[in-house]
Structures are given as structure tokens and as C-alpha cells.
Amino acid sequence: MKRIGVLTGGGDAPGLNAVIRAVVKTATNDYGCHVLGIKNGYDGFTMPGGVFPLTAADVRGILPRGGTILGTANRGNPYARKVIVNGKEEVIDVSSDIVQAIKDQKLDALIVIGGDGTLRFAHDMFLRGIPVVGVPKTIDNDIHGTEVSFGFDTALNIATEAIDRLHTTAESHQRAMIIELMGRDAGFITLHSGVAGGADVILIPEIPFKLETVARKVLERRAHGSSFSILAVSEGARPIDGEVTYNRPGDQVFVPRLGGIGQKVGEYLESAGIETRVTVLGHVQRGGTPSAFDRWLATRYGSSAVRVAAQKHFDRMVALMNGMITDIPLLDAIAIPKRVDVNGDAVMTARGIGISFGNE
Amino acid sequence: MKRIGVLTGGGDAPGLNAVIRAVVKTATNDYGCHVLGIKNGYDGFTMPGGVFPLTAADVRGILPRGGTILGTANRGNPYARKVIVNGKEEVIDVSSDIVQAIKDQKLDALIVIGGDGTLRFAHDMFLRGIPVVGVPKTIDNDIHGTEVSFGFDTALNIATEAIDRLHTTAESHQRAMIIELMGRDAGFITLHSGVAGGADVILIPEIPFKLETVARKVLERRAHGSSFSILAVSEGARPIDGEVTYNRPGDQVFVPRLGGIGQKVGEYLESAGIETRVTVLGHVQRGGTPSAFDRWLATRYGSSAVRVAAQKHFDRMVALMNGMITDIPLLDAIAIPKRVDVNGDAVMTARGIGISFGNE
Amino acid sequence: MKRIGVLTGGGDAPGLNAVIRAVVKTATNDYGCHVLGIKNGYDGFTMPGGVFPLTAADVRGILPRGGTILGTANRGNPYARKVIVNGKEEVIDVSSDIVQAIKDQKLDALIVIGGDGTLRFAHDMFLRGIPVVGVPKTIDNDIHGTEVSFGFDTALNIATEAIDRLHTTAESHQRAMIIELMGRDAGFITLHSGVAGGADVILIPEIPFKLETVARKVLERRAHGSSFSILAVSEGARPIDGEVTYNRPGDQVFVPRLGGIGQKVGEYLESAGIETRVTVLGHVQRGGTPSAFDRWLATRYGSSAVRVAAQKHFDRMVALMNGMITDIPLLDAIAIPKRVDVNGDAVMTARGIGISFGNE
Amino acid sequence: MKRIGVLTGGGDAPGLNAVIRAVVKTATNDYGCHVLGIKNGYDGFTMPGGVFPLTAADVRGILPRGGTILGTANRGNPYARKVIVNGKEEVIDVSSDIVQAIKDQKLDALIVIGGDGTLRFAHDMFLRGIPVVGVPKTIDNDIHGTEVSFGFDTALNIATEAIDRLHTTAESHQRAMIIELMGRDAGFITLHSGVAGGADVILIPEIPFKLETVARKVLERRAHGSSFSILAVSEGARPIDGEVTYNRPGDQVFVPRLGGIGQKVGEYLESAGIETRVTVLGHVQRGGTPSAFDRWLATRYGSSAVRVAAQKHFDRMVALMNGMITDIPLLDAIAIPKRVDVNGDAVMTARGIGISFGNE
């Protein structure tokens, strides 16, 4: 193994830099291998200066830093890329250009750090002849085949600390405090931080809720002497009955922003006579220094990905299983997204300690 | 001095418990004095069980805790209290009842920890014969006569850490990140945390801004190679030109909530082709464990208030001046609210390091 | 199930209160069961007032708090308890008294939260007729059969943050910085936080080291332009060659204190011309608010222990396996302590990114 | 003003990078002035490559980072510099070389960020013709003429959080917990964080203590039902009676290390039958990201120093007075070091809330 590439795709997650650093250090120290960094996801291959040597000196000091020194793509799907041709927007397939550009680099392996979409394209590239190894990146914990990925633990700590802070002010003032958290399709962050922070109500995408049930829960708590309630709400949580429009008209892609579900729930509670305040934590959850666990996991992923590549085990993704690092077929990871098991131990535990999911 | 009372009024601020603890410990240790806790602000005096002995054992372990063990009032102004009489809401003046109830307690001093409204009523009570000593509580730093009060430093740390986290994700994704912070009328939290967190644009109530100036600044940064921008926005910031309606129709009192100024600015930026994300930090800024400085200041305030009371210096408020604790007439503190000096050293410093206030 | 007891034994670990809270809430909500708290470990059974009702109100607000509201034993082994009889110290077996006192309580189950020693006694008690369920408590991660237990993640975060802070000051001043961390027999905290914090040398009990190898590594880094080095050292790390006496003469029990291995290594480095500073983090690692993960795990443990008890699965311990909560025989957990696998993936990863274990 | 230099001298303090950044940004934006960075304190002037252009791009992203991008001197006093001449160590005066090298740079101003020693040499340089402006750097808060400097607040937060963590574990285990903190000659960090963290005993250099008084305090607390005690001890605290040797024989310079005063006190307490644990926080207090206040203050200092230089007010130091930035003669700052006022309001407050200084 003489020459490998590494890229990061999709949204930010604390720990990306730790993976990159471990890839560079392991490849250099253990395999005497040359590493190329690719800028802005797959697009770097077709950009001037988008492929550049990455040395131990380049990764010095990046372990505790959020973000990614490589940047990530934001030009969208390579199969349907919007470009301006003669002043008009057209949608074209640039995937062949990218595959050819990768082949031109004559890499012994390409390590792709990314989420569902990025890994899906990695699998396609393997089918088209590129020796890929995947590293799962999912702050929402929605990739199958791995217990968890880096970034999730950091997001949990941030969300839980925010809920802790809301507790004291809720207690002093007899209010309902709503905190809207990340999770369009998977409620793991909200479920885990809601339990860890002592929320009274948890609303997640996997369990459609009734607004009146939520209000009843808050009023019941009040009747039992608990003057305040904390509600942890995933951005993707939805009422059973009726529509929530939280996007601009015409949006193709979900854009979490103000006016979302947290506000809807808040307005309902206020209409039921409950003084309410709303926090939208937003991208604060995705940034900043990774937790110790996330750095540890990201480092092991990066090192392990290099070892998997050295063994020529391509089309595979490194994964955490029972506390150990292993690797699984990329297809297994992307076949079906992971969701909260609504009948599982975690939800049962939450209900057991008195938390409402708004559907009782 | 045999018998003093202590109460907390108004919004939550980290450090309230530290003041209460210092009052109890100092009064007990240094003066052999009995302390009474008053529940829920002034209302405790007229509530069953609202006045109760507060001992060293009661304040054990509360130093690092946010909130207030005494609770704060949320029944509003004693001069215009809404009550239900024969099924109808009436507005009555309950101030005389409260003053009489305080007199019945035969206190040698009443230590009142609160903001503008609470201190104003304290001064009125003094004029009606109650021996009051004030402790300023203002998370927004809007009380005159004291350099700062407890809670502000904690709020700054929370806001600055949030801005730090937004930095990494903004850098990776080429976006404008807006963070809406506390400050209806005074922009200190936004100004200080914006500078400390490295914001590019700071919008505060004291400096009306133009939306197009804000967008131009972001686009100029982009033209100079800075793909991202961070905007720190006070909840009370307002455009020069035009109305922002952020409250429910009919609101008498400002209720910070979703749909506020952060969203307005975000919508404008998106309409100018700038991808934008918004965080509304909300009450997260008011809660949780106080910073070291806030505990230190709150403890000194509490101890000092007892000493001021022992010297029978009533109608005064403890204050921080040049790093020392002193006391000033209550009237001086409440006469005029403190605001950011728009021509002062702090704003000049911010402009000097390249920050825009949206009015250039 | 009508009546269960819960106790905490051994050293402090962040998350104990979260387990207690989950036990009380789950037993009360899901089983209508009465819970008794036992003070100071097993000793509470034979102490006046040592067994008392524990209600939902008692566990309110304890989720984010370190320590244990029940206290832990510090009177030592029930089989060899030191007591003063007629002015002389005698060693007696008090285990039968304790077992009888437990039987007198007519508990349907006793939930025992503790480490190796506490769980070992729990198994003995089961053999003597007590219906026990164990919950593993090990901040060092040295209990078999569970991936990890609560407290470990919190300790990691604290240790990693301390290493982060040492980095900047080491960089500015061209020094070796030693940080002595918890771990008498197991090096997990030092290994994980050393990797997460970017340490250059990691010394753990499982891998005896040579002082000259450690100094050589620091000097080699210097020769390659890295002016500083960070050394993460377990309190139980030992040189291959020669004795380190770190206890008072006559100590029966290890008492981690100043003058330990961190200092020894520091003195050696200084004798080799390397300016060195030492931090001993000590009990700071065991205290304070648990991390989100630890609260989540502790809550699941507590709830699960109640369910295991309700199913009358005694002599078992709840455990985390592959991210799920399960239960295993107590004997399996206590048969053999868990240690860092010196040939495993984790150590290999650390070596791969250039970390020395001082035995190369 | 066309060309200014900036250097950092002495020990690390969180906020150095924030000053450098503000100097560069303000000089560039407001004065169109060229900034030179000087490496490793004054030594940069006489080192190859030690003087280099510092642009806005160089200071991007350094605001939240601890340490200093310029490095600090560690070759000691320019008046008595140890050098190796013909294989022998000699002590020579290199100050004239440095002054000449500075003159050769033809700077319009030299901004010197440093502590007592660095500022003293700055004043000497002014007398020898160099246009200097000082910025006070003292994590210990021991420089006169300024309320406080950057770094102190960060150190306080770190120390206070560590004391918080010791509380929970002390409570669970009935122990005395000692924490040794920075402060060789000035006890501000220990006093402020001891009060903020709720310590029971505070030992500082300004107040010599008796070991038996310390032990008596702990035993009295025990007699009154407080099973634990927290002792915050400055590294420079000393008993009234008798010697504490904490350095290697022959040390010319104080080297805080293990075996210091924390251990001495711990050994005494254990000999008095009190189980004790010791934490030595060490350089953890000097590193890592600065607090919001320290960034804000450091930024104002940096901007202000440039304005003072532009007005040709040399031989002066920027300072914080009553919350405002001002400037004072360098001589006033270095004439006499600042110490805790043993009869002042702060110590009185601490005693009033029941804290012992070990000299009662």
C-alpha cells in the first residue's frame, strides 16, 4: 500500500478531524504509506488543488478540534448536480467524471468518511472499480451495523447540559420549557439526552404524538405539585393528527429552522394556559471539541480503516460492535436506516421512570 | 440585629443561591442573627407558610446550584395585581397588605435580591417604613451604579461556548450562522459574547441596523474568501426601517419566543442567497451552575448586604465598583437603566477588530 | 414484589444517584413497590436509622448530582471488621449479623450497586438466602461481563479535558508534562484519555515500562522538532526494573497520594535534562455531575435491575453488552478482573498513531 | 504609525492569543499598520527568523486557543543570560544586543505582553530608547494598577470546577480533600476559587498558618456533623512555625512539583487521624481555552495597546479600572507587587461565611 486518499462528506460531526489524524498517522507510521487529502468531499477530485499531500505535520493539533480540515461537499448529489450552463441551471450526472478522476489518482485505497449518502456513493464507486473503505459518520446514530458513531456522544453531552440549565430556571418560574433538538428521522439524541437530562416529555419522529396528550401531561404534573415541565422535542417529531409546515414553500430538502415543531408545541401549550419558553439548540449540537469517547472512537475508526485497506478488504465499513472495532459490508450499513425501537428496552425504561412520549 | 428577612424577585439568575447562602452564613456566624426566608418574592409575606426560618443547614450545598431555593414571584406588580373576584378578573393594589405583613414580622432588616422592578418596590417600601437593603440582580447588566452583577458572567460563558461551537460547523459548510441571545433592551450579553466568540456581525438594541447592511457584510466576507459568517443577535435588536412583530397580538409584556428577530434576519439572508441556520439559545443562558466569578461576586454581595444592614444603612444597594464592594442609594440604581455606550471603548474595540453592527 | 432495598457500596462514581433514582421511579411507577434506602452500604442494616423509606420525592433533582445520597461504607470488609472492644482493636466477622438484619427486613429483593468487593459479598449473601440483584459500579472499567459501567465516561472526559489544557502550556514552554490518573490495577482511563487527549507516552499497570525508554522517547521527539511531550500515567503503572514505594510504611491498603509514580517519572526526566511538570488529578476524576452517557447507562441499569428483581432472577448482575442491557450471573462478573488487553486492538491503535508505552 | 512589533514573555496565560489577534486586527483595520511578530519573547529579535510579518490570516481562529502562537522566552533574564562559551557555562549580559536588534527593526512601537519581569525589562528598554507599550499578563493577579488581567478568570473557573468535583466525593466518603492551587506569592486564585467552590479552609502565602489549627478546624467540623472538609491550598502557603522544603536542593528558581505544601498538610492531617486525599492541579490551570471574560478583556487590551501606541504614549501599560480600559505608567505597575489584603473585604467575607485561614 503506497498511496491512499481520505475525504469527508456530508454534515459536520465532532470527531472528523480525529479520524483524519488517525488515518494519516497510522498509514505513515505503520505502513510507510503516502496519504492524500481530498477537499470538499468527492468534488475535490475534480477541483484544481482539490487533491493534496497530507502529512503528520498537517494533522498536528487537530485532534480536539471540531469541523473537518478537509471541508465537506455542499454541491449535492453527483448523479444530479445543478450547474449553470449558458446562464441556465441544468441538472447533470457528474459521477463518471468523479470516478475517472479518482482512477487517475491511482490510489491503493480511498477512505470515505461520511453518512448514508456518502457511503452509498462509495459502494457505487466500488462497483465501478474504486477500492473504497467506509467510516460511518452519523451524529444522529441512524446508521445500521454499528452501535454508534462519533459525534453522537458529543451532541448528547451538549443537549443534556442545555436541559440541565433549563431545569433550574423552570423550577424557579413554574413554566414549561421546550428544547428542540437534532433528529429529522431518528430520535436517538432526543431520547438519550431527554432521559439523561430528566425531561418529563420526549417527542421523537418514531412516535407520533397528540398535542392534547402533551398538554395533559404538563397539567397533571402541575396538579401533583410539579410546577414545571421540561419537553425534549426532536426537530422531526410530528403530531398524529394534522400537518406541521415548517419549511419554506418549495423546499426540496428539509431545512431545520425557526418556526418548527418546538414552536408549534409551545403555541399549543400557551393556548392551554401554560407559560412556555422555547430553545432551539440547532447547530450548536454539531460543533466544537469532541467528547473523550468520540475522539477515542474516531481514532480507532481511522486506524482500523487503514488496516482494513491494507488487507484489501474493500467495499466494507468499519463499525463498533460490543465495544470492539470490526468491519462489515457497506451494503449492510446502507440497506436500511436505524431508528429508535419503539418497543425496545430504552423506550420502556423511559416510560418506566415516568416519561411521556405524548401518545399514551 | 436579631432578625432579618431575605427574598428573591424577578427572573432567574445564576448566583441567587450563593447570595442567600452568604446572607444566612454571615448573619448567623458574625451577628448571631436569625434569618427568615421569604417564598416567591414579596408574595411570601402574605402566603401561608411563606415566611420560614432559614438556617445554615438549609443553605448547605446550594452554592453551585442555579435557580433560587426561595422561588421568585410570578404574580406581577403589587400595585396592579390581577385577582379573581366572584369569577371575574380584577386589578387591585395589594401593596399595603404586603407592607403591613412585612411590618408584622418586626424585621430588623429585609434584604431584597432583585432587578429593577423589585428594587423599585423596595425603595417604596423603605419610604413606607421598611428597613430594606438591596442586592442587584441583572443577568443583562442593565442596572446602574454597579460594574456588573452576578449571572452576567455565566450567561456570557454559555453564549460564548455556543458561538465557539457554531464556528466549526460554519467553517465546514460555508453558511451564515445566527445565534439569538438574551437582551431585550440592553445588548451587553450579545456585545461581550460576540467579541469573545469571534462573531462577524453583532446586532444590539442600542444600535438599530439595516438588513441590507448585514447581508452586504456577509457577502463581502465571502468575496474576501471567508466562506462563513457568525451573527450574534440580541432578542431586542431592531432594524432601522420597518417593524418586526415578534409577539402574539395583544401581548402587554414582551415574551421572547420563536419567530423573533433571529428568524427575520435569517429569512432576509436566505432571500439574498446566503444559506443560513438559526439557534435560539433562550433560557439556557439563565440556568445552571454559576461561574466562579458569579459565585464570588454573589457571596460578597450577600455578606456585604448583612454588614450594611447591621450598620442600619437602609434604602441602599450593594454594588461592585473598581473590583470592590460598596453601597449606593437605591434611587441611584433605579433612576435610569444602563445601556451599551454606542460611542464607548467597547463598541470602538469591536469595530476596530472588524465587527459590523449593521449600521455602517 | 412489594418491598425492595437498595444500597451503594465502595468508592464514589458519577451516576450512583441516577441508578438510585431509576430504581425508585421504576419500582414505584411500574410495580407499585415500596423502596427502602440503606445507608452506608451493608452497614445501614445494622445501624439505627440505617434503613428508611425512599420515595419519588426523595430522588427529585438527584439525576445530575455526583456522589450518592445513600453514602457508602467505609468500615471495610464485613468478614474482618475492625472494632474497639474494651479499648483494644479486634477483628471480628460481622457478616452473620448483617445477613440476619437483612432477613429481618423481609425484602423481596435487595439491589446492590457496587464494585468487585461489594458484589462478591452480594453473591455470598445470595448463598445465605438473600434475593440480591447486582449493579456494577467501576469507574476503572475493571469488571468483567459488561462493556463498561457508569462513571468511566465521566472520568474520561475530565482526564481528557485536563490533558487538553496541558497541551497548550506544554507547547508554549518546551516541557514534559506528566499527568497522573486513576487506575491502580487497570489502565483503561489512562489508555483511553491518553489517546483521546493526544498523549505521547502512556504508562499503565498492564505494561511495565523502562524509565530510560520513556526519557528516550521524549528526547527523540525533541530531536524531531516536537519541543514538548505529554505523559499520561496510571497511578498503578510500574517500571520493569526496580521498586517504587509510594505508600506509607505499613499501609495495608493502597492510598494513592503525592509522591507516587508521576513524581518518580518526573524526577527521572529532570535528571535527564528535561524540564518537567506534574499534575495529580486525584479524586477530581470521581466527582461531579455525570456525563450524558453515564446518566443514560445508570438509568437503564437501575430500571433494568428492578425488572430483573421482579422476574425473581437473583444472584445476577445487570450488564451492558453490544449497547443493550442484559443480565449475567454475579459469579461471572467477579470471577476474574478485567484488564487492558496488551495485544488488543486498542493498544495496537495507540502504537499505530505513534504513542509509546515505555516498553519498546 | 507604519510598523509595530508584538511579543509575549513569561509563563502561559489563557488569552495571550486573543491579545495578539486584537493587536493585529486593530493595527491593520484602523491604522493600516504593518505588524511584526517576535518569537520567544525578546530573544526573537536576536534569533534567525525570530521577527516575521503577522497578518490577519495568521491570527484567524486563534481567539479560543490557549497558549501563544509567538512562544515565550525560556532562556531567562537578559541581564544574566547563561551561555556556553568554549564548553563552559558563563553568565553574560545580552541586554545591549537585544536593544540594538530592536532599534535595527525601526519599529514605531513595540507591544510587550508579559508579567512583572517582562514589563520591568520593557521599562528599561524605554529608557534606552525603545517606544514600548505594556500589556499586563498575570494569571495570579499580582500586578498593581489593574483590577485583574486575562487568564485569572479562566484559572478560577478551572480551580472552582475541580473543587466542585471534590465536594461530591468528599461527602460520600468522610474525608479531608486537599487541592493545591497556583500562587507562589499571591493567594488570589486560592482565595477566590476557595470561596466560589465552598472550601472550608483556605491557606494562602499572605497568611501563615498553623498545622494544628487546620487539623482542629477539620475535627471541629466533624464534631458538628460535617463528615468532610475541603482545603484549598496555594502552592506558596507556609506554616508559621517551621520550614517546608519543597524544592530540589540547589534550585535557584521555584519549581512547583509534587512533595509540596499540599502533601505536607495531608501528612499532618493523616497523623491526626483524618483520612485525606490530595490533588495537585498544576499547569491544568494555565492551559486551554480562555473564559469569555478573559477573551473580552484580552481583546480590549490588545486594541487599546494599539491606540495608546498610535498616540505615542510610551512607557505605559494598559489596565482595567472600574470596568474601563485605561493606561498607567509602567513604573506604577511594577513598583510593588499586588497581594491579598489580609484585612480587606474579601478575607473578611470569607471568614464571615465560616472559612478558616488556619491562623485563628
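Which chain is which? They are A, B, C and D, in the order written, and residues in each are numbered from 1.
The rule is simple: a contact is a pair of C-beta atoms (placed from the backbone, for glycine too) under 8 Å apart; a residue touches a chain by one contact, two chains touch by 3 or more.
Since the structure is predicted, the reported quantities are computational estimates derived from the model, not experimental observations.
Least step count on the touch graph, chain A to chain C: 1. The greatest centre-to-centre distance from chain A, using averaged C-alpha positions, is reached by D. Chain A and chain D have CA centres that are 41 Å apart. The geometric centre of chain B is 31 Å away from that of chain D, both derived from CA atoms. Distance between chain C and chain D, defined via averaged C-alpha coordinates, is recorded as 35 Å. Shared interface positions of chain A, defined as residues touching 2 or more other chains, are 161, 164, 167.
Chains that are in contact with each other form these pairs: A-B, A-C, B-D, C-D.
Interface residues of chain A, counted against chain B in their complex, comprise 11-12, 14, 16, 65-68, 71-72, 74, 158, 161-162, 164-174, 177, 179, 248, 256-260, 262-263, 266, 270, 275-288. Contact residues of chain A toward chain C in the complex are 21-22, 25-26, 29-30, 61, 63-64, 147-148, 153, 156-157, 159-161, 164, 167, 192-193, 195-198, 289, 291-293, 295-296, 299-300, 303-304, 306, 321-325, 345-346, 348-349, 352-354.
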